[in-house]
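Got some structures for you, see below.
In the two complexes that follow, subunit A is the common piece, with subunit B as its partner first and subunit C second.
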Partner chain A sequence: MFRDISLYSTKPHPVARAFFGLATLAMTSVLIAVFLTTEQAEPTLRSMVQGAMSTSGVENPVTAVLLNFRGYDTLLEVAVLMIVATAMLPPAAPGPITRSLPAMTVDPMLAGIVRWLVPMAIITSGYLLWIGAFSPGGAFQAGSILAAAGILMLVAGHHEFSFNSIGARALLVLGLGTFLLVAIGVAMATGVMLQYPIARAAALILVIESAATISIGLSLLMFYGSVARLTVARSER
Partner chain B sequence: MTQALIYSTGGLIVFGIGFYGVVIAAHILQKVLAVNVMSIGVFLVLMATARLPEGPPDPVPHAMVLTGIVVAVAASAIALWLICRIQVLGNTGDDPH
Partner chain C sequence: MIELGFDVLLVAVIVLVSWLTLMGAHLLRSIVLFICLGLFVTVAWVRLGGIDVAIAEAAIGAGITGAILLAALRQLQNEPTDHSRGKTDKDGQDVS
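Up next, the complex of A and B:
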């Protein structure tokens, strides 16, 4: 069944391409015209957010919107990451999450870079996670720095990650699980899901963000690792 | 033209370029990249319109774009993974079903 699927599609005839180019140009012009002629709406959202900032528990309005006022969207976003990570899981493998490969397979330049950059990346990620309450930052930014450090380790060849081990699966579930537990827990306290009690809002947001950082970092690392493993498997055939 | 209008128009043009690329590109990897370009155009429009005449910008579109970037990354990852699986399964010749 898969032999018939070709990754190349036929290039359209030059005349058809020109026609479609003109059609795209027309569509873009219509979009720009519609955009330029719409009226600017009243900026009520910013004043609403600023009015409610004292109840949010953080000082940065974007973090407040992400994790408090629109926390449901962030919950679904973490769920999307976990769904995609589950779809890309490699075949089951018992054992630890990472395994060191013998030093002979390591490129010395990359090993030196890894030795310096990975600890700095971990510290930077922790800083971004903490500063998210006061400045631009937060869970997703910190998670992507962690994933970049992990990709560096993968590329250097000194460590091998087993994404289907129990430890990796636990860390993947940690983000969404913590978010769900907090959401349901505060529902039992205040009656509405994801409605944080105002006194506890800052602490709850920090707990959610910390768990989500680890989960996001591992998910993003797994995105790279699964695709890299498949391309290596193909070239070895 | 204000800065917001310039960037939003640029974002719509980027969206148009991505749209052309999705249909016309030959290899499916190029189509995935073109979809990413389209989403970048949309994010640019959202960010440009979030700028208000005075004071700090509107934070709600910023949060929407952050969520959108993560979802776009996840979607691109699963698309790339599917491409690799098609390649691997197509070349071995054996059908798992």
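Up next, the complex of A and C:
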């Protein structure tokens, strides 16, 4: 049924395929029927969050929940991202963090569009980061736009990033490090870890999100670079 | 009424595009359909009210994952001429 993805896979028996297909269809129908016939419960969580928004320092309930009320979960998420980035660090020798190269294949369309698109992407990323406190946006969205701009630069071929350099490693660690420093700092001020003082909550959230944006962008860029084998020297590619 | 029709059409399109993605004969076509699927799922997130998730889905799910899949496809296509890694036979044993 699906494409053979290994040399040794055999097609399942037609009866088994029909049985599992029908079983999946039946399960899906049951789930849809249950979803359509159950009464919608009153979302008490939303009213609880709305009631506590004045103490969170931001106006967007999603950012308030992610960065303030459930900040510990976001801290663990950033830690997981850093662990994966550490696992994907390339074995290449450290060098300067970026280097300009004469591109081996000159693609004028891509070079032209990179020249326009990367500054616009940086501005858009900064806008999403700032507006995350008031409207949909935030650190992950801003970081992914930065990573997309970096991917365009890598594909254009005029620049080479060294993800193993001191600067790159510092930027990768920046997100988690800032989050931990803020968490411990407010613990010394208010006695509970990640309990922001209400007057400083907005500023602290912005600091955490800015650092996380840079780390997330560089991590995602490194994922692409290691899959595209752009992290090994050009002669070995 | 129009919203219900739009939602039903969106669900049908998402199921259809994901079916075509899995059934595609060429990997490149499947990857391009996967990126399209990411954009349709973005619209689905907007219809469900999660705009933050929609932005993240568009950027990461459709954009970055699509780029990574395309890079992986290029590595797969270059593999027969790839001399930079140790040679392995078809069972995965290293015979370099």
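Couple of notes before you dig in:
To be clear about the criterion, the second predicted complex is superposed on the first by the 207 of 237 C-alpha atoms of A that agree within 3 Å, B and C clash if a C-alpha of one lies under 4 Å from a C-alpha of the other, contacts with A are read in each partner's own complex, and residues count from 1 in each chain.
Quick note on the criterion: a residue touches a chain if its C-beta (ideal position, glycine included) is under 8 Å from a C-beta of that chain, and two chains touch if they have at least 3 such contacts.
Bear in mind that the values here come from a model prediction, so they are computed numbers and not experimental data.
Touching more residues of subunit A than its counterpart among subunit B and subunit C is B. In the superposition on chain A, A:151 contacts subunit C only, with no contact to subunit B.
After overlaying the two complexes on the shared chain, residue contacts for A:172 are found with neither subunit B nor subunit C. In the superposition on chain A, A:133 makes contact with neither subunit B nor subunit C. In the superposition on chain A, no contact is made by A:208 with either subunit B or subunit C. Looking at the shared chain after the overlay, A:88 reaches subunit B, while subunit C stays out of its contact range.
In the superposed pair of complexes, A:31 makes contact with subunit B only, with no contact to subunit C. In the superposition on chain A, A:61 makes contact with subunit B only, while subunit C stays out of contact range. Contact with subunit B, but none with subunit C, is seen for A:20 once the two complexes are overlaid on the shared chain.
In the superposed pair of complexes, A:45 makes contact with subunit B only, with no contact to subunit C. Residues 2, 7, 62, 140, 220, 223, 227, 237 of subunit A are contacted both by subunit B in one complex and by subunit C in the other.
For subunit B in complex with subunit A, the touching residues are 5, 8-9, 12-13, 15-16, 19-20, 23-24, 26-29, 45, 52, 55-60, 62-64, 66-67, 70-71, 73-75, 77-78, 80-81, 83-93, 95, 97. Across the complex, subunit B is touched by residues 1-3, 5, 7-12, 17, 20-21, 24-25, 27-28, 31-32, 35-36, 43, 45-46, 49, 61-62, 64-66, 70, 73-74, 77, 80-81, 84, 87-88, 140, 216, 219-220, 223, 226-227, 230-231, 233-234, 237 of subunit A.
Remark: subunit C residues 22-23, 51-52, 54-56, 59-60, 63-64, 67-68, 71-72, 74-75, 84, 90 touch subunit A in the complex.
Those residues of subunit A whose C-beta lies close enough to touch subunit C in the complex are 2, 7, 62, 128, 136-138, 140-141, 144-145, 147-148, 151, 220, 223-224, 227-229, 232, 236-237.
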